[in-house]
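Each of the next two complexes has chain A plus one more chain, namely chain B in the first and chain C in the second.
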Partner chain A sequence: MSKVSLSNVSKVYDDTILAVEEVDLTVEDGEFVVVVGPSGCGKSTTLRMVAGLETVSAGEISIGDTVVNDVRPQDRNIAMVFQSYALYPHMTVRENMSFGLRLAGEPAAEIEPRVEDAAEMLEISELLDDLPKQLSGGQQQRVALGRAIVRDPEVFLMDEPLSNLDAKLRTQMRTEIQRIQENLGVTTVYVTHDQTEAMTMADRIVILNDGKLQQVDPPERCYDEPNNKFVAGFIGSPSMNFFEVTVTETNSGATFESPSFEFTLDVDIPSGEYTLGVRPEDLTPDRESGYIDTVVDVVEPVGSDNFLYLKTARGSSDVVARVESEYRPEVRDEITLGFETDDMHLFDTDGARVPVNELQITDSA
Partner chain B sequence: MSLAEEYSTTDGESRLSQSVTHLKRNRRAYLLIAPAAVFLLAVVGYPILETFRLSLYRSPADSTIETFVGLQHYAEIVNSDIFYRLLWQTGRWVLAGVAGKTLLGLLIAVHLKGDIKGRKFFRTAFLIPWGIPYAISAVVFRWIEHPQFGYLNAVLLKLGVIEQGIGILGNPDIAWLGVVVADIWIGTPFMAIIFLAGLQSIPQDLYEAAAIDGAERWHQFRYITLPQLKSVILMATLLSTIWTFVSFDVIWTMTGGGPISTTATLVIHIYQVGLQNGNLGLGAAYSVIGFLFLLLFAIVYLRVYTRGGDEL
Partner chain C sequence: MTMAGHGRTSLRRVRIYGVLIALLGIMMFPFYAMFSSTFKPESEIFSAPATLVPSDPSVGAYLDVWTQTDVVLWVANSFVISLGTVVLTLLLAIPAAYSCARNDFVGKRTFLLAVLVVQMFAPVVLIVGLFDVITQFGLFNTYLAVIIPAAAFTLPFNIWMLYGYFKTVPVALEESARIDGASQLQVLTKIVLPLTKPALVASITYTFLYAWNRLLFVLTFLTDSGKYNIPRGVFSMVGALQTDWRMMLTVSVIGIIPLLILFAFLEQYIVAGMTAGAVKE
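On to the complex of A and B.
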């Protein structure tokens, strides 16, 4: 087991395309880190650089105490699970799982029990003599995991390993991967575009956008205190509602003005242009103390909750609210939405967070 | 009646009615393939049958009278020493040719797949030999190997490998090699292109997974490339074997089967016996034997190759 460090790592393709830009990251020994971001954000490239499948254009990658920039994948003592599983089609499950050990020249007497143990852990013992094409997607996924586990590597690298599975299986495998990682305690870097995977599995989430690091924090912190507007919009489902507002300091607090609403909150914020963010789950229908007048456009019941898609009465901006399943308004109903002041997020014109502790909330509405 | 029930009945009468139903249901499909089937029968089936019929007759080319002789030609062939010499010469010709084309084709394909400079140029350049008429390539090689004016001798002399020019095509011991080289040169591009197509269909992540598993380049070739390319290699070598077996123009242009018939293969001999000597019946009998050899080879080859799985 080892820690993995990236120091100022960049990747440039064809001298022009900057895929990863000066990423600094340390994955502690035994930690489970999930790298998440939209398509093309550089997350897979980053992982592939750690694996040695891509060269590093600038910066340094270390596994343990060794700088591995010039170390071949063969010599990095890592294991990787691919999105496509990349199982060797002409080999049985047993051969797939033992391939690395056989290449390493391990004696057969040692390989066999290790394969059996890993297979047992993943509940694929009865599949050991099957070919990959005889297996379902979920079973192939387990074999791919088994192939990684059996080698007892320093680091696990996983490149969107669950994205080819159906929703139910994905949820199941999510917990299973977590359980295995916890049992083995192997440092793991896991790449996904699915923020639910990131939120549920990670010790820490690494959020990338356009090749740049946006935030590295535990999931709840990324959710509660997003570093910037991108993270705020990316983490959470449905996405955070954003409103461009002009804030004016007054004697009784601050006035928030936008084409859609105008209200005064008992908070201390310097005057200026901001983006106000409120999560759908923090919006409550509240005629008495609400701030935003809306009209219901679509009601989407998802069982546990209802998603309301609304338009602001003025300005016709889109707003999404997540409300309890008992609350089920009709389309075209007029609703006034409110929120707690400590649930609101503010970002400056560059998208950076205006920290909550600078808000100096004097009284919540 | 469900489809399963329909096909599960076994008694003769309903089988017949099944066939009728099947024909009725697929009438349009059969009609559509009928012209091609008739055409194939006419240009492939008929000559095969006619060759077989001809082999049972004494049929001089300069006469219209055919005399039925039964299997006499076959008896004559298997009792002659020439036949066994021809088999040996054909065998080594095919084996050396196909092996050379396959290995060289694989080598070229693997390198053309890699990220080399001028890859597009080389891909096109390597196809050129295949686009030149075989007879012309053969003439070129005859000149290359010419004892006095050939490039090969010039280069070997310059390098000091030999002290005086050698006539490869005139030497009964090595003439066949001189012809095989030309055949390999002509046939390699086809193999390379087929192998390249096969290589490109192997997912890159298999190599990446193997590299992470610790596989060196040779391991990757041995445990990923070769098994993944197996079916392509099978088909390409099968086709190449058939083409090399029946190849005529290269040998005929370069040596005419000489010297002292050491480069003659079954096909060259068929031409000499049947068309040059005018003994159509005997030539046909040789053809039938050649045909049966190829058929048997193809069947055994496919059986052996498709049996069982792969192992490390």
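On to the complex of A and C.
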């Protein structure tokens, strides 16, 4: 097993399109890192550079102690699982899984038990003589994993491997991949656009946007302390509510003013323009001490919770709240929303996080 | 479906089949006439009114061809020329088409269009120039004198067809193979070519057929009768004063048999290869 290091890695296409910009990242030996971001953020390009399928425009990529910028994919001792699985259609499952070993010139007597062990681990032993077209999507996915496992590589690279599966199978395979990775202890870089996958699977999440690193932290830290407004909006479902506010220092604290509300908090924040962020699950209907007056627009029950889509009474801004399933207001009901001060997030005009500690609400308007 | 609706469908089907059978009859009649004539005596071939079925069928023509002509040699030469053309064409068309399908390089479009320009010239237009080249390279009276020009004329179609088919092979498969440890050549031979079998078979068939029927190149570049192919053999039966039509037709029938066998075995691949990329799958 090996660690993977990216040092100031950039990728430029056609001398003009900057797909990845000066990414610095170290994936520790045996670590499971999930790279996440919206479409076109450069996550797959980054993975493909590690795989050797894309050249590196600037910077250095190392696997173990070796700089691999000029090392061919076949010489990097990596295994990759593709979004489309990329199983060879004209080969049986057994042939697919043993392809890499056969190319490496491993003796047949050694290949067979390795293929069978991997097939057993993935519960696909009975499929070994089938062709990929005879398999379901989930089975194809397992074969793709098996093909990666059987080679016993230093690094697993996975490019959105679950995105072609239905929701139930995706959840099941998520756990399976985690289990396999834990058992084998192979350094893994996993790319996805699905933040649920990132949150549930990763030791650390790498969040990319427009080719730039936004945050590299454990999932809970990305959720609780997002580095910037992008991360705050990207992690969490439904997304965090944002309000543009003007903060004015007063004798009794700071007044938060927006077209939708105005309230004062006992905090010491310099006057200026900010973005206030509150997650839907942190908003609670609280007529006594809430401070955002809203009107219910849509109620969306999802079983365990209800999603409330609301408009602010003033300014008609959109707000989403996630409330307990027992609480089920009618459309056009007026609701005042409140939140714990610990749960609010502040970002400056550049979108960078402004730490908020020990805030106390002293007044509401 | 109602009875009336069912009746209309049946009637429509009968009409379609009627038209198809009529067209098939028109197309197949010359072949039937050729085939049946080989079992007729010379006098009956030109008798009026013409007979559809030989009045006194005989395989005498086949025996005469066997004993009086070099038909076996002609068939063997046709195979040598056709297989040689197939090998040379594929050796050039596969790398050309594959590199165009997988790489973007300056002049790619120009190259592909320039290749097509070759198709615009009838061989007869270029035959004098080709004769010059063939003699200068010392290829006159060698199989290569026919194989090289035939390959040159089949290359454009083959490059374009394989180019279209190679583009349908997902790049991820090749990338996966590279990560599995395959070299560029192994990616081509172990992944891409097995997946493009229909196009390869179509390509082989088209080229084989083209080379099998070449008369002009053989007529111009091969004077050694020991290297005659079937069309040239048939042509040699045209005499200044007399032409043995019965023997000519018999050799022609023998010359068609290998092609029929080839088509019968490869028909499903040929259709798949020719229509590849025509519709979104």
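Methods note: the second predicted complex is superposed on the first by the 356 of 365 C-alpha atoms of A that agree within 3 Å, B and C clash if a C-alpha of one lies under 4 Å from a C-alpha of the other, contacts with A are read in each partner's own complex, and residues count from 1 in each chain.
Here is the rule we go by: a contact is a pair of C-beta atoms (placed from the backbone, for glycine too) under 8 Å apart; a residue touches a chain by one contact, two chains touch by 3 or more.
Just so it is clear, the model here is predicted, and its values are computed rather than measured.
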After the overlay on chain A, what do you see for chain B versus chain C, clash or fit? clash
Between chain B (first) and chain C (second), which does A:V71 come into contact with in this model arrangement: first, second, both, or neither? neither
Looking at A:V354, would you say it contacts chain B, chain C, both, or neither? Reply first, second, both or neither. neither
Would you check which partner chain A:E95 touches, where first means chain B only, second means chain C only, and both and neither mean what they say? first
By the touch definition at the top of the document, which applies to A:F82: first (chain B), second (chain C), both, or neither? both
Touching chain B and also chain C: which chain A residues? 51-53, 72-74, 76, 78-80, 82, 84, 86, 88-90, 99-100, 103-104, 147, 151
Help me check something: in the complex, which residues belonging to chain C touch chain A? 170, 172-173, 175-183, 186, 191, 194-195
Can you tell me which positions in chain A touch chain B when the two form their complex? 51-53, 72-74, 76, 78-80, 82, 84, 86-92, 95, 99-100, 102-104, 131, 147, 151
Which residues, counting only chain A, touch chain C once they are in their complex? 51-53, 72-74, 76, 78-80, 82-84, 86, 88-90, 99-100, 103-104, 147, 151
For chain B, which residues count as touching chain A in their complex? 203, 205-206, 208-216, 219, 223-224, 227-228, 230, 309-312
